[in-house]
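First chain written, first letter: the chains are A, B, C and D, and each begins at residue 1.
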Amino acid sequence: MSTAKQKIYEIIFEADTPSGKFFDVSLLVVIILSVALVMLESVPGIRQNHQELLHGMEWGITIIFTIEYLLRIAIVDKPFRYIFSFYGIIDLLSVLPTYIGLVVVGSHSLVVIRILRLLRIFRILKLTRYTLAGRSLARAIWASRAKISVFIYFVIILVIIVGTIMYLVEGPEHGFSSIPRGIYWAIVTLTTVGYGDISPETPMGQFLASIVMIMGYAIIAVPTGIVTAEIINPTIEKNTQVCPQCLHHSHDDDAAFCKKCGAPINQ
Amino acid sequence: MSTAKQKIYEIIFEADTPSGKFFDVSLLVVIILSVALVMLESVPGIRQNHQELLHGMEWGITIIFTIEYLLRIAIVDKPFRYIFSFYGIIDLLSVLPTYIGLVVVGSHSLVVIRILRLLRIFRILKLTRYTLAGRSLARAIWASRAKISVFIYFVIILVIIVGTIMYLVEGPEHGFSSIPRGIYWAIVTLTTVGYGDISPETPMGQFLASIVMIMGYAIIAVPTGIVTAEIINPTIEKNTQVCPQCLHHSHDDDAAFCKKCGAPINQ
Amino acid sequence: MSTAKQKIYEIIFEADTPSGKFFDVSLLVVIILSVALVMLESVPGIRQNHQELLHGMEWGITIIFTIEYLLRIAIVDKPFRYIFSFYGIIDLLSVLPTYIGLVVVGSHSLVVIRILRLLRIFRILKLTRYTLAGRSLARAIWASRAKISVFIYFVIILVIIVGTIMYLVEGPEHGFSSIPRGIYWAIVTLTTVGYGDISPETPMGQFLASIVMIMGYAIIAVPTGIVTAEIINPTIEKNTQVCPQCLHHSHDDDAAFCKKCGAPINQ
Amino acid sequence: MSTAKQKIYEIIFEADTPSGKFFDVSLLVVIILSVALVMLESVPGIRQNHQELLHGMEWGITIIFTIEYLLRIAIVDKPFRYIFSFYGIIDLLSVLPTYIGLVVVGSHSLVVIRILRLLRIFRILKLTRYTLAGRSLARAIWASRAKISVFIYFVIILVIIVGTIMYLVEGPEHGFSSIPRGIYWAIVTLTTVGYGDISPETPMGQFLASIVMIMGYAIIAVPTGIVTAEIINPTIEKNTQVCPQCLHHSHDDDAAFCKKCGAPINQ
């Protein structure tokens, strides 16, 4: 790799040098600006008066991002690895919608997906309290994935049954026009969102809904319990010691002897 | 048991052999398909255009399920034990509504109850992380049943009193047309669902509602606390065994030897 | 106390003898029946058709409760202690509204307060898992009272400020007709009830509301954390050992030496 | 400092002497009265009938507060330190809106900010259970700030993407008139507030909304888990100290001697 190439690499891929950090911070500012532009453009009053300006700025930013994307591919050692990496895909999706918008009207709003590029902020905040906090949260959620999947599996089965029963009880004349709509209502209710766009009107429906709500009360406790346990766990979780004699694991931190076979274990 | 019978038994009751696993997975696919059919049939637009097709498919699946159900009874050693087991009852309820639908119009939608058959998925995913997660969640909820029952008992007493007071304060002219409706409102509010189909309109009613909501804020913490404690507990829960040699306690449930001095302890 | 008096005392105040248990269970049934009557009477359709019957039954039950109340006073050793006890007051409030209803129309609905008599169920379920669960929950909530009071104090200050700002931003033309109404909105929003009877309509109001909602997201975690910690605490809380040399307490369960002065402590 | 000056200092800045406590309690009463006045004045019916009276009382209280504020500046040793302290700024903001209200109509409602002066109550309740509870809660929330910030950062990225997708799916004809409005909807939904002022109407929109709600179900668990862990942690949190003699770890923060072997450890 030539020195010039390495210099550019350090600037656009790393955040350790002052110029690299400056590049990353500028990028974050442009991303935020760009997302703000898309939002503003969607507001009817603003769109009508400033369409030209907003349009121009969006194209400007898209061209900057396109150049940056091509530069990243040109500069990196293994281009395909970057292209198919998480950030590589996000970087591509950050420019595509504008080009597609030339053909499909309205689709260019999808450039808001470039807000995901803001996740790079954790690259800049290297090893600080915030990165650690993010990693610890991600770990807790990742460790809970099996329990949360099982929980959501049960919730889906539950809302399908509840939604169907409410469809039969309330019927189309009270807004429960189909089973999918009944299921939508069940989800709105069980998650305690409660828009009120569909709500039970018959006494029987209101009675059943009350039971669902009180059930939801207890059910909402489950994911909370799962995640809380995972956040607290690292403090009290078992260590990785294995008994040298019987290979039993899951010993307490302060165990001096294997609780299965009585052989001394390394502390 | 003849070899053929045992072969069929392995296929339809177990999931260890390739053919047994194939049977179970096919069953899950058919169940999902069947529930999707019922949902689609409930959508007015789809019902009008494809009733014949949907009807035919539902009958096809119901006949497959009926044959499977009869086969299970024929093949199992103790038929009555299967018939009155959890899955036996679900299997029967999965076919009954279609036959009843011949007599009682509309009731066939209840076949969605066959979605409960999806719980068999845990039989296929033998001993994986998901089955363990499911078991651990079920255990936590089961262990909390006394506390959650007591909690719900208090909540019911509370909503009856609150609902009556709001009925007296707001009255029928603001939507609180009866005490049961007031109780329905109290449940909608306390669980933070808040449809808005009934909401207090007088200043006095809004003041009382505010107190109920802030109470609900603190009350919602209770089931969460119960379940969270139960999920965390197994990790830190210790039995009452004491080492006969060094009198150390706080041993794990599966400890055969004292972790402090290595002496054997009674299990 | 004469034997007859003591016999009656055992029946109506205790639940250990078969007749005492029978009395208490009958009482619970009559209470539930009586509350159901009041609810039914509040439903317009039922009231018009069965007023005589419902009226008669309510008076019947009220007279039974009145006799029971007078009997309790007559039979107990220290009548005033009973009269001013929690259950004594509830027992009086359970009959008063019917008599007051003769003078003040509508007030007799307040007899639903007699549902609080259902709390006596814990007297019947002596020392079972449910009574223990109830006591443990009550203990956790009682132990959290200081933290929850402080939390609610802050929430009240917060909703007053938020409610006023929203009143100024949105104004009467968008439903925020006064500061108390703004505060009511703030409580509805912060507790995530969200009726939708009042909701911000200006972009500025919706922006502020979004901040309040995300704050509410974090704030709702606080009471949950408080109660959860209190439920978990007894399991992990320190024992009552005191160092014989320096009188330091709060030692771990497995501590063999005082962590303050190094003197051996009794395990 | 002269004796008279010190006497006044003790009265208005401290709460240890009877007169100091009396001053602080009177102040709290006047603050509550004053906030109640502002609220009452905002109610149309009351404003029209009692404007003169309310106006007079507000000016009276503002003048009392102004004198108190000037007295505090005059009496304190380092006036600038007081002026720019938290309470100094609150004290100023408690009187300014009334004076500004002479020029800018309506702004005087902002005097409700003086409710923040109620936080002084913790000065009066010196070292009681409530002050400790408040401090412990504040500590838990403060210790969670990194995790909660990261969490809110993700939530903001999430609601922007969700809000844009819903804007594209539902469109202005179903109330999603712009991306900011879509984001507002996403926040209302994810926080489970659910006003229902905007709600998805197309089947596709309702399907996406259902996914968002079930995600919100799991997401709401995160801040709760964070705060709960922080409240529980101090009890079970261990430092990294290791006993120099027996290498035992997991000592409490305040341990001076190893709890296992009694050897002194570095604090």
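Brief remarks follow.
Note that contacts are C-beta pairs under 8 Å (C-beta built on N, C-alpha and C of every residue); 3 or more make two chains touch, one makes a residue touch a chain.
Keep in mind the model is a prediction, meaning the values are calculated, not measured.
Under the contact definition stated at the top, the chains bordering both chain B and chain D are A, C. Computed centre separation for the pair chain C/chain D is 27 angstrom, with centres defined by C-alpha atoms. Residues of chain B found to touch two or more other chains are 180, 183, 192-196, 220, 224-226, 228-229, 232, 236. Chain contacts in this assembly form a complete graph, since each chain touches every other chain.
Listed in rising order, the residues of chain A touching chain C in the complex are 192-196, 224, 228, 254. Across the complex, chain A meets chain D through its residues 35, 38-39, 42-44, 106-107, 109-110, 112-113, 115-116, 118-119, 121, 129-130, 132-134, 136-137, 140-141, 148, 152, 155, 180-181, 183-184, 187-188, 191-197, 220, 223-228, 230-232, 235-236, 253-254, 267. Chain C meets chain D in the complex at residues 146-147, 149-151, 153, 157, 160-161, 164, 167-168, 172, 177-180, 183, 189, 192-196, 199, 201, 203, 206-207, 209-210, 213-214, 216-218, 220-222, 224-226, 228-229, 232-233, 236-237, 250-252, 254-264.
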